[in-house]
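Attaching a single structure in structure tokens format; questions to follow.
All chains are identified by letter, namely A, B, C and D, in their written order; residue positions are counted from 1 within each chain.
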Amino acid sequence: MRRIGMLTSGGDCQALNATMRGVAKSLYNMYDDVEIIGFEDGYKGLIYANYKIMQPSDFSGILTEGGTILGTSRQPFKQMRVPDENGLDKVESMKHTYRKLKLNCLVVLGGNGSQKTANMLSEEGLNVVSLPKTIDNDLWGTEMTFGFQSAVNIATNAIDCIHTTAASHRRVFIVEVMGHKVGWLTLHAGMAGGADIILLPEIPYDINVVCEAITRRSKAGKHFSILAVAEGAISKEEAAMTKKQLKEKKKNGPVYPSVAYEIGARITEITGSEVRVTVPGHTQRGGSPCAYDRVISTRLGAEAARLIAEEQYGYMVAFRGNDIVQVPLKEVAGKLKTVDPGCAMIQEAKMVGICFGDE
Amino acid sequence: MRRIGMLTSGGDCQALNATMRGVAKSLYNMYDDVEIIGFEDGYKGLIYANYKIMQPSDFSGILTEGGTILGTSRQPFKQMRVPDENGLDKVESMKHTYRKLKLNCLVVLGGNGSQKTANMLSEEGLNVVSLPKTIDNDLWGTEMTFGFQSAVNIATNAIDCIHTTAASHRRVFIVEVMGHKVGWLTLHAGMAGGADIILLPEIPYDINVVCEAITRRSKAGKHFSILAVAEGAISKEEAAMTKKQLKEKKKNGPVYPSVAYEIGARITEITGSEVRVTVPGHTQRGGSPCAYDRVISTRLGAEAARLIAEEQYGYMVAFRGNDIVQVPLKEVAGKLKTVDPGCAMIQEAKMVGICFGDE
Amino acid sequence: MRRIGMLTSGGDCQALNATMRGVAKSLYNMYDDVEIIGFEDGYKGLIYANYKIMQPSDFSGILTEGGTILGTSRQPFKQMRVPDENGLDKVESMKHTYRKLKLNCLVVLGGNGSQKTANMLSEEGLNVVSLPKTIDNDLWGTEMTFGFQSAVNIATNAIDCIHTTAASHRRVFIVEVMGHKVGWLTLHAGMAGGADIILLPEIPYDINVVCEAITRRSKAGKHFSILAVAEGAISKEEAAMTKKQLKEKKKNGPVYPSVAYEIGARITEITGSEVRVTVPGHTQRGGSPCAYDRVISTRLGAEAARLIAEEQYGYMVAFRGNDIVQVPLKEVAGKLKTVDPGCAMIQEAKMVGICFGDE
Amino acid sequence: MRRIGMLTSGGDCQALNATMRGVAKSLYNMYDDVEIIGFEDGYKGLIYANYKIMQPSDFSGILTEGGTILGTSRQPFKQMRVPDENGLDKVESMKHTYRKLKLNCLVVLGGNGSQKTANMLSEEGLNVVSLPKTIDNDLWGTEMTFGFQSAVNIATNAIDCIHTTAASHRRVFIVEVMGHKVGWLTLHAGMAGGADIILLPEIPYDINVVCEAITRRSKAGKHFSILAVAEGAISKEEAAMTKKQLKEKKKNGPVYPSVAYEIGARITEITGSEVRVTVPGHTQRGGSPCAYDRVISTRLGAEAARLIAEEQYGYMVAFRGNDIVQVPLKEVAGKLKTVDPGCAMIQEAKMVGICFGDE
């Protein structure tokens, strides 16, 4: 009897179920006596031994379903070594649950922080195979994460809708796209949606450069501009501030629920343009996964099962050039794949005339 | 030679082009010598004689296009009798343009304010036929306006996306739906999306009732709640305030970019729940019109052409019980079709358990 | 304790689950002690007493799901009085099951044939409330059936996709839309998709008239034509044939899997045009119900529950002019709502230039 | 003054306009004096000198539009050297047009055949840069072609819709996916849609193996099966036939409009199951390009412009591992990228239980 634990961790995204289905279907097809244990709400379920014995039918019909049948929660890596309110050591608890349930392997679907924890558990001696989940596509070691293309579709669709209405009125529109630290989602959605200006966490913007781009379009007879702005977009002034100065600024200035409203206010101030803000928010994590995500999820899931069958542990399954590869967890953990301001894609975007507010 | 003027007025919406196509194709099929004059940017084009002579090919391929090929602008009815900055009387200018161009009829696609102006022009002696445009479905005299069902689809889709992600986390989600004075869009999207709580301008809410509904769900094991909130949702306290008091409140309290953020802050304050806000904003006016809107737009357009052919002027073409009817403009002008808190649809929504914050 | 039976009958469609949810949520909210019994696979479940006791949680999260959680089957009305292979009288069996389970009422979601059976059961003394299900919108007594608008969306989307590719090539495209006897679905999708030619079961076509319309477009520089053809489209020759002659024709001529291929072959024969056929087929019954369908389903469901509460039996709940009304089953049973060739909508379609092959 | 010719060739697909926009916007941004000449209807426009001088505004707003603003046609490579009906040598004519218009470069958007012609023109001394267009993703030298992911979405959506209705009835459903020689589209859509059986041109099927898979599912309580079948799916018997034998078979057997109907008939014959066929057909080439395609199209277009600026001719711009690279045309021409029956993706698909009819 093989016993495989499984959990989904961190912010949810679109193809978590599709990926788990890929792992499970492959395992059930390979072994007559495999048992999958699903931990509830991420690492929390492993810590507190909240789990259910999954049945093959649990994985049926979930290829197209958003969310996660196991639930998820954020368990910051930093606090993993901090005892909980009852003095419980979380890492030891996870190891205890793993051993008590006599697991052969733990399958973790997670983003950056979750991969760090997965690596730690691997270093602590557990057999771990992980899968790259995040709408941010910011995981090191894989060209693509599942969830990303589905989120791109939703953010792009918002920009598309804005386009038709923008062309009829004479305004500036800001669509705020998810991404506090990394701009891949905003960059892709902005390019796909034909945004005129794209502001990313990795490329601090000069509000005057942004306003000049708007004015230039206006003078060329294009009476609207569309900005795709990452949640973590940052001005050159802010980028130069210390953490303390940033806090001061927040405390003294007007409070905006998010960066798009602040940038909108600055644009109105400088250009006099009416600005309208759209915040797709958590819709970007929801809905049915797109075909692309379902394909890579199924493939990643099958390869995770193969690693388990071959007893190759300590790896994240990853996507490279249409192939599925395996990357040592210790190489993945703690690294972020950010947008390099000088990369080919940014250059290409600039070639077609997109302004990033930097020059 | 028949000469027909046409304009689109007010906030844009999804089937303006489809409707104009319906009018134009019908006219071109009926008459060999009809000429359609398109005024740019709504009544502004009529006031300042900005127009283009349309060709049949201009109306080809636009059935599925959002926005309006004529452009639009808001020209508040109240200011129509106020001379512009150059002392120009706008009403006289419109009449002048109409006569100079020897129009047989003016076709107006517009919402509430635009219908008032259409009626005034009709009373001033112009031949006017109007069409019911608005995502708000708040026009008196018609069961349905074009644009409404397309907007419902977009707002519903936002709630759908939130649903999958909400079920994975444990939070309160607010989707802010367009509608400052009228709640039809929020009511339909809220019902279609399976929102737990719907807040409308017509039904002042008690924040405690809202929070109790959230807590009740939580106690029943449903660890998330979704609110569909109209832009013009109003609390019982606010509803009881004078205009002056409302202004005071706004001046002294924290400033929120829109009502959803304020309600979200109150919910966190009272229940301690994390709240996430989604603002689809102008996406609700954009994108390709849905099949429903394209059908009624084509039908409304054809019937407008028939009225013109029969020289029946002074009417808005309207939709009633799957039929297209005509309603005298003077009956339409100045009336708003709001959500009656006691209407069947609200009762049905309450029967399936939706909370409106009122009891 | 109230005991309510429920079944879904006939070809499936998109908002069956949404409607059952509407009924169930309303009942559970009204009564503490209601029990809903779900019969499996339509009337078959009632005949053979295959059922499950439903729980409130069964109706949770199904608003957006296509298909039916109860399953469905076709049980032709004509064979209801014919004993089955074991000599079982089906009508008596249904009455027996109803009584044995001590039902207060049976809720039937069905189309034409199913309503006839519902009426028969009502006349046999059972308490029946029915709901209007069909993608064909051919039920007498209601302006709209749930499923219809969702199916219109899918068929329209197919025509939309064809449009972009048709405009690049020079061909005739046929999209075959569901509807053997009634053309509402084809008419709505055809209008919404901007089809040039629409062929319906109710309006026999002359293939030469169809080909002339194609040639006329071609001469006017429009090098493609799109036909929306109902499965049951019929030529004038066929319409004039006896059943025997029709059978002869089928036996002797080439065999086509469906009418679109036959019409395509004739068009190629006469005009020399390349023809491409698209058959969306059962996709038209699938997918998530559209917002419109979810709203009317929820409303219809709530009103069905109200009828049950008021012990008003023998009715179909129906939709008229944005209101939900009740229609005696005996008025509904056996009547078909077909497209009247002289109705306003056909005239409007002709005004915008759509050819129906009849003149 | 730089003069750049541009044409779209072969079957159309979804991001042709997006790609041309990418090339054009980049060129206009780089040069003040560039002129783009658009040839109409593919190579035909180059042969017969049918062209238009494009304006920057021609490329505005087309990012999201399906089809091609230049039109397209199939000009088989084999017939390029065969004089036309007037004795005109097509290759010489193309060279003549190119020189007469003093082009600096010709940009070709095309699939397999078109790349062969592009290579020939390059070998004949013209400056050529080409871009990989096809819904089939069968071009050698690139991991991805634009159009492919959009087509996958449409075919997947068809399977999704079938899924909900299939689960309610008890039938076998066949969705016929485009692809006469290459199965990538069917493979991706089949995996994304959760098809149970996938039949590809590259993997000859045994109808008995297919029917056993259906029966096995049925015995396991899954009363429906969904097949994703490529247009060019081929049985083991057919694969073993000579061309002459194949012709004989076609002449003597029943005639089916396409392979799905034939396979359906065999399944009914062997298993007795009711089979329903869906043919999305040319819808797979239509509609707005998906976000993924718009991103790679814009990137590919920008890099094509860079090659032109650097006077690097004789290349196809290609996509590899998230990077845009250039591949010599002579390496691309005449090679087909087919599905290797032993490749990782097929193995992964088999791991999750998909049957390919081969074993």
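The definition used in the following text is that contacts are C-beta pairs under 8 Å (C-beta built on N, C-alpha and C of every residue); 3 or more make two chains touch, one makes a residue touch a chain.
In UniProt terms the chains read A, B, C, D = ATP-dependent 6-phosphofructokinase.
Everything quoted here is computed from the prediction, not taken from an experiment.
**Q** Could you find the chain whose CA centre sits the greatest distance from that of chain C?
**A** A
**Q** Using mean CA coordinates as chain centres, what's the chain B-chain C distance in Å?
**A** From the centre of chain B to the centre of chain C is 31 Å.
**Q** On a C-alpha centroid basis, what's the spacing between chain A and chain B, in Å?
**A** That pair's centroid distance is 35 Å.
**Q** Could you grab the centroid distance between chain A and chain C? Build each centroid from C-alpha atoms only and quote it in angstrom.
**A** Result: the chain centres lie 42 Å from each other.
**Q** If you look at chain D, which of its residues touch at least two other chains?
**A** 160, 163, 167, 288
**Q** Which chains touch, pair by pair?
**A** In this structure, the chains touch in these pairs: A-B, A-D, B-C, C-D.
**Q** Along chain D, where are the residues that touch chain C in the complex?
**A** 11-12, 14, 65-68, 71-73, 154, 157-158, 160-169, 173, 254-257, 261, 276-288
**Q** Could you list, by residue number, the parts of chain D that touch chain A in their complex?
**A** Touch residues, chain D against chain A: 21-22, 25-26, 29-30, 61, 63-64, 143-144, 149, 152-153, 156, 160, 163, 167, 188-189, 191-194, 288, 290-292, 294-295, 298-299, 301-303, 305-306, 320-324, 344-345, 347-349, 351-353.
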